[in-house]
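To keep things clear, I will list the structure first and then write my remarks on it.
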Amino acid sequence: MPPKIDREKCDSCKAEKESLCEQICPGDLMTLDEDKKAYCRMPRDCWDCMSCVKACPKGAIETRIPYQLGYHVAKLIPMMGTNTITWTCIDINGKVERFQYINRGMLE
Amino acid sequence: MAEKIPKSLNEIQTEVIETDLLIIGGGNAGCFAAYEAKTKNPSLRVTIMEKAHISRSGATAAGMDAINTYIRTDKGETPEKLVKWSRAQVGGGPIREDLALSNAELLNETVELLEEWGLPIVKDEDGHYKLRGRWDISIQGEQLKPIMAEKAMEVGAQVFNRVVATNLLMDGNRCVGAMGFGVRDGKFYVFHSKATIVSTGGACGIYKSPVTDYSGAHHQTWMCPFNVGTGYAIGIRGAAEMTSMEQRWIAIRTKDFCGPVDTISVAFGCMITNAKGERVMEVRYKDVGGDKAARFYRLNAPMTEWLEGRGPTYVDTTILSSEEAKDLREDLLNERPSFVLFLASRGHDITKEPVEIYGSDPYIVGGHTGSGYWVDMKRMTTVLGLFAAGETAGGNPNKFVGGCAVEGRLSARGAVDYIEKTTLPPLDTKQVEKEKERAFAPFMRGPEFDGVNPMEMEERMQRLMDEYAGGIHQFYRMNEERLDHALKNIKMLQDQTKYLYAKDLHSLMSAHEVSDRLDVAEVLVHHLKYRKETRWPGWQTRMDYPEVDPNLDCFIESVRDPKTGEIKIFTRPFEQLIPGDRTKA
Amino acid sequence: MQKTVPKTGIFIFDQGKRLARSIDLDAVIQRLARIKNVIRCEVLTDLAAPLPSIKEDFTSDKFNRIFWVGKFSDYQKKTIQSELSSAGLNPYMYEWCDLEEQGIGTKGVDSGIQTQKAIILIQMTLARTRLLEPLEPLELPAVDASLIIGAGVSGLHTATSLIGLCKKVYLVEKESGVGGKVASLHRLYPRICDPRCGLEFEIQKIRESDMIEVHTLSRVKSLFGSPGNFDVRIEKQSRYVSEEKCNACGECMKVCPAVIPEEQRSRESAFINETSQQVLNSLKSDKKAIHPAVPMTYPSTFVIERQYCPPDCRECVKACPALAVELEQTSSELAFKVGAVIITTGWDPYQLSKVDEYGYGIYPNVISNLEMERLLEDPPVLKEIGFIQCAGSRDERHLHYCSSVCCSVSLKQVLFLKEKLPDALCYIFYQDMRTPGFDEELYQKVKSLNNVIFIRGNPSTVKPGDNGKLRIHAEDTLSGKEIDLSLDLLVLAGGMMPSQGSFEIAQLLNLPQNNFGFFESHLQCHPEESQRTGILVGGACRGPMNISQSIESSHRAAMEVLPFLNRTILIEPKYPVLDLTKCDKCKRCMEECPFLSYVFDENGFPSLDLTKCRQCGNCMGICPLIAISLRNNTIKQIAAQVQAIKPSFISKEEPVILAFLCENDAYHAAQSAVEYGLPVPPNVFFIKVPCAGSVNNALVADALAFGIDGVLIAGCKDGQCHYVKGNQLVKTRSGDLSDKLQKMMIDPQRVRFESLEIRDSKKYVELVKSYIEELRAMGPNPFKS
Amino acid sequence: MKESVIKLIHTDTIPESSICVQCGKCSSGCPVAFESEHSPRKVIRFLQWGCLKEASQSPFLWLCASCQACTVRCPRGVNISSIMLSLRRIAQQQGWVMPEENLSYYKTFINMIKKRGKISELRLGLATALHKIPSHPIEDIVLFFKLLKRGKLR
């Protein structure tokens, strides 16, 4: 069940047609349900590329490793800046690790 | 949300777009092709047909941590040396050295272009790009795809997102565009163009992945699972000549997640070990180069360890300091962020425990190996007006991100020249109507149809290929009889595509994906059958012909007869341009 | 596109060597001089002497952008600007960096830290200066005509103001004549003049002007376009009398057989007595089907209300000596272009029949205050008259607000009534008498009259009494006495509500109305600006007001409309620009623009209507794809500023705050904190933004990624935002980010939104101090490297 | 004293009384106010002052017929008749009922319910009538027979 959506937070991007996750998903997997909340139509087909997680302006999507492959529950949360990205990785033992770097522009 | 299923074909709107240059697939090569065509001739109408959304589509959707080919001239490297290295990586070829050289010459300029567009590239103290292997440079490429996409749009390419290509639009033996359908709007699209570049990426999902679990983790492949080989399939159906399809790309990947290993082994020097703690490559493969051996050796070695009872196999990350381990994961975050999540979900501290490795499922990816369209120096295929770039263009392995980008540019140059000399013939509406009917057939059968859903057929095909055409579960081994069995069943499956049904546009796309994969698989098996030798153990292991046959030191080619569907196999000779030992870098 | 290398000149102006007292300027200069492409960098203690050499360096292309560090008077700034622009420097290629407002020079702060902070501040400005581009204001062609909707007292005054300024005016009125409600009033206090006299004065100006077209019996049918260039289409109802030919001789009226029946009023015999019959008679109009324009006879053309004509009657046609009657006329449409629209649709009386306890419409001698105006012309003999105030106003069940004029109106009516009927006994039932300003004089005057009794307490119901009289029972709440009265006439002080026309226009133009239906505007700062640029609202359609207030309002509206009527509209190059290569058509900018400035273009992208945009930058703040930037304050510039902050400049443990301050109030609070000498801690850097709503979450994420410990976004209080809802939007957004931080196991308080008013300097300093304490307790930002 | 009063006011219904503007519409429309020296407006005014005891001791409370005329006419939307009911309860709890006999009807009513689980109108009427000296004994008796005849007393 790779992308896990916080239905409380999801506001379908207030979009007329497609939310940002729906627009961005390279596999055409994200879509909106009748309540205009995003969901992944085929969790088995997700590549875990995390494009939707990065795109979501409400921070409502999390990627989870399928249980068949990894234990419950580890989190990897990206936070996108204008030219930076930070990652917060929390492993199953609660160990937190953080990464931050520039993802656009010249490196000094 | 569920779409309304049209009752008849007449309800489906047909959109005809007339353009000068059509680019099928707005990935790395596609974006660069658009950029090059527009900078060469700004008045040209350039249209990109993209199955997903151009900002995050294809193999670089998640990002990229390195550009694997950059020529540090200050260290005495030259394009020739790069070609030599590339040749050695595929065991001495055959390889199209002419293509490889022209590619290598434009490589540095293209990488620098990327930096100018805003890609952060790591530099050393002297201000040069910092090497992490002989040719690899590190990038912070999380935004690689959006950067390229923005440039393509900035130069004025018109992008059609969410349009799936189903076939080429032909005018005799000339390609005059392509047709497809909108996976969001349900329209039928006809792109009528003077020239067409196909850059859809490679084919993933022809074989069953070792990480497959049908319920929740079907797409845990290393290659982007949304690249299904449509670019090859439309060419095969359009009677284009394919080369070297038997040179499958299989790489050693992290076990259970198909994460990248080169980042760990090449960039951080973590070597392959087995269950006994032996440095596998140094102990058993010294003669073919040890840890620097060609890629197929580095794949085959650990898998052989498993077979021979010395598995599991690892890359030894315990040599890393905690800072290095953090840097490593930062690189991984740029390419495959979920792999870092995977490690966290195992509670895996890589400095304490090594990372387990295993082979991946086989992919047909011409940016990595030599499979794909036979192209001339202008990157035109054997079909007039059809150009190929990136993973779809064959004969020139080890292109990777940089090389595919270059090829995008070269194909655009070829196409621009071609466009100047040509005019657009009138649209063949009969062909359009026929293709429209074919494209929407699974949809028109409706959700209640008593038939086969695309997912079932995909799983059947993947199991078949895995077991009979040398998949991971058979340790990539194959023999003539098994290949015959595979071929027979592929034919059956191809025939059964008439039972495919789609309940929505998404599954209509899946239906086309499985048909495309079948067409690629068929050609692939023919190629595998023809190479009655074992030239690249692992990539292509014939149990019935375990030795190299010097007579087969040539390219194996195929063309499918568009009328009978029969596949003709023939060879082309290898031409060595750069002298020296072909197996040495 | 050729890129010019950004070469910068930095000049630190230290008048009176004030900066040198708190920071080590040499160290600053040394640090700056090492930066690439900083061409000149020096300290000036005087402006006049070095200016020529700076000018010369610029002319000889040594640098192409300049920024000035220090405190400048407006005069000094203007001198510098005019000197340099005479040398050809684009006015958008400067930056000013005031170190002192950021807290440099605060007593008791270590000079080393101050120097470090000053260097960072200058580098921040440098980072943004590098990205400056020469800009030119846009001049968009505009039509110098305006449309005024509603020709009541407001509309007429607005129109005459504008024609006085030689601006073309289209005045559209739905009635057959101009004048509106005011024309139906009897007399006005205090000058006891007939309101028509004043209106006639305005009409005279209109008559004489050829800058105005008056369209009566007309409605606006559609309005498209944008400020400076609206396309208007109006529908003219047929008048059946030619405006060109009719000279209002009145022959037609003499022969017209049809009298327009008056409004249905109950004539139940039980309630009719002599007085009520007289009341009914005086309220009756003998209007024929063909009659002069109403309410005022301008245009001086008759009009036929065809629904009252007998079938096949052509008497008027025959009688007309000017051959002006055209019974076959049909309605027509008219289109024209205007630069701006002023809405003066006025008010409607509240329907008193809804206040059912007072029996309006049932008892003939219960009348409204508007009807009383007519009755006052020639009142019947009345002995006892009651006035009930707040009939419908200030009532939960009716109008929630005070209609503001009714108290004075009733007092005026009592005054005139007593003039005509000195012996009449008047009772005024009220809750509170509200006679603001000079109307107090009126109140006192009426109080001093004989036989005028003020009863503080409203009756609950009106019941029929003997002989057609009205029985009223009330409690005088001051004495607690119960009062029983039998009245000849009861006047209800009905309230004002938005006119029907206002609702129609609101719907047509998508114009926000407040809870009560009056047009929404920023009452303190721009009372006549609606929330749609180029559309102004004047007079009583904005809220209940008396005639003089209406006139004032309409004159203000006429002033405010002038910038749109200049033949060109000057757009400062601070507007947002959309990067189409990034835009994903998610449409959030369209959704959240407070002024509906975005429309879809033909490819489905949002496109900005520059003339509607008020350059608040809320779209820049909201865009999830960072695709929108204000032209001289791009998101890249702000990001560069954020990146230039060194979060460990004091020490690794000491928290550093980045504050985004709204330039309308929070910025001034921070600025005056320094001016008042309040001790601002050195830990805070602020960036001025046009509206708190323009702060994009990506910038906050950048700040946190670079290791800044806390991000403060300060904007207006709820409901005070100059751009309607920017503060609300950013509050929700930063809240989302806080939630995300929580998930990331980072204290959500590292991002916070606060409201600061312009005088909140002390609060600002306290806030910063307490935030620093909080952040110290949290420990350093985990992303701080 | 004052504090406890405020507490009482706020714990019970009555904060609403503060929004009253004392327009007097309730009193002028009240059908029973003429019987009492206090009008509903005055009761509310006591509450505005915080004089809960005075309000609760107002004889008006026991006259109020809960006809809702006041509530319907109130321009501020104060629910006057429910305030009156609340005050009755407070008065009873605090022992502020003036005069005590006002309670007799209610007590009889409650006791009857407690005892029998239902109301007999006949018994209730008799008990109430017998509790104090009737003011109009003859009319009451005539009314009694009229009601009985029509089956209105059970």
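Order as written gives the chain letters A, B, C and D; numbering starts at 1 within each chain.
In the analysis below, contacts are C-beta pairs under 8 Å (C-beta built on N, C-alpha and C of every residue); 3 or more make two chains touch, one makes a residue touch a chain.
This structure is a prediction, so every number in the text was calculated from the model and none was measured.
Engineer: Can you check which chain pair, B-C or A-C, has more C-beta pairs in contact?
Structural biologist: Counting C-beta pairs in contact for B-C and A-C gives the edge to A-C.
Engineer: Of the chains shown, whose Cα centre falls closest to the middle of all protein Cα atoms?
Structural biologist: The most central chain here turns out to be A.
Engineer: Could you tell me which chain lies farthest from chain D when each chain's centre is the average position of its Cα atoms?
Structural biologist: Relative to chain D, the chain with the farthest C-alpha centre is B.
Engineer: Counting only Cα atoms for the centres, state how far chain B is from chain C in Å.
Structural biologist: 60
Engineer: Counting in whole Å, what is the centre-to-centre distance of chain B and chain D, each centre being its mean C-alpha position?
Structural biologist: Distance between chain centres: 88 Å.
Engineer: Between chain A and chain C, tell me the centre distance in angstrom, where each centre is the average of that chain's C-alpha atoms.
Structural biologist: 42
Engineer: CA centre of chain A versus CA centre of chain B: separation in Å?
Structural biologist: 25
Engineer: Find every residue in chain A that makes contact with two or more other chains and list them.
Structural biologist: Counting only residues that touch two or more other chains, chain A contributes 18, 23-24, 55, 75, 85, 90.
Engineer: So which stretches of chain D touch two or more other chains?
Structural biologist: Chain D, residues with two or more chain partners: not present.
Engineer: Could you list the positions in chain B whose residues touch two or more of the other chains?
Structural biologist: Each of 53, 55 in chain B touches at least two other chains.
Engineer: Every touching chain pair, please?
Structural biologist: A-B, A-C, B-C, C-D
Engineer: What part of chain B is in contact with chain A in the complex they form?
Structural biologist: Spelled out, the residues of chain B in touch with chain A are 1, 51-53, 55-58, 61-62, 115, 118-123, 140-143, 147, 161-162, 183-184, 211, 213-221, 224-226, 256-257, 326, 329-330, 333, 337-338, 340-348, 506, 509.
Engineer: For a test of understanding, state which residues of chain A touch chain B in their complex under the given definition.
Structural biologist: Where chain A meets chain B, its residues are 1-2, 18, 23-29, 31-34, 41-51, 55, 63-76, 78, 85, 87, 89-93, 95, 97, 99, 101-107.
Engineer: Give every residue of chain C touching chain B within the complex, in rising order.
Structural biologist: Touching chain B from chain C are residues 579-582, 584.
Engineer: Touching residues of chain D toward chain C in the complex: what are they?
Structural biologist: Listed in rising order, the residues of chain D that touch chain C are 21-30, 33-34, 39, 41-42, 69-70, 73-77.
Engineer: State the interface residues of chain C toward chain D in the complex, per the touch definition above.
Structural biologist: Contact set of chain C toward chain D: 357, 390, 394-398, 431-432, 456-461, 473-477, 480, 482.
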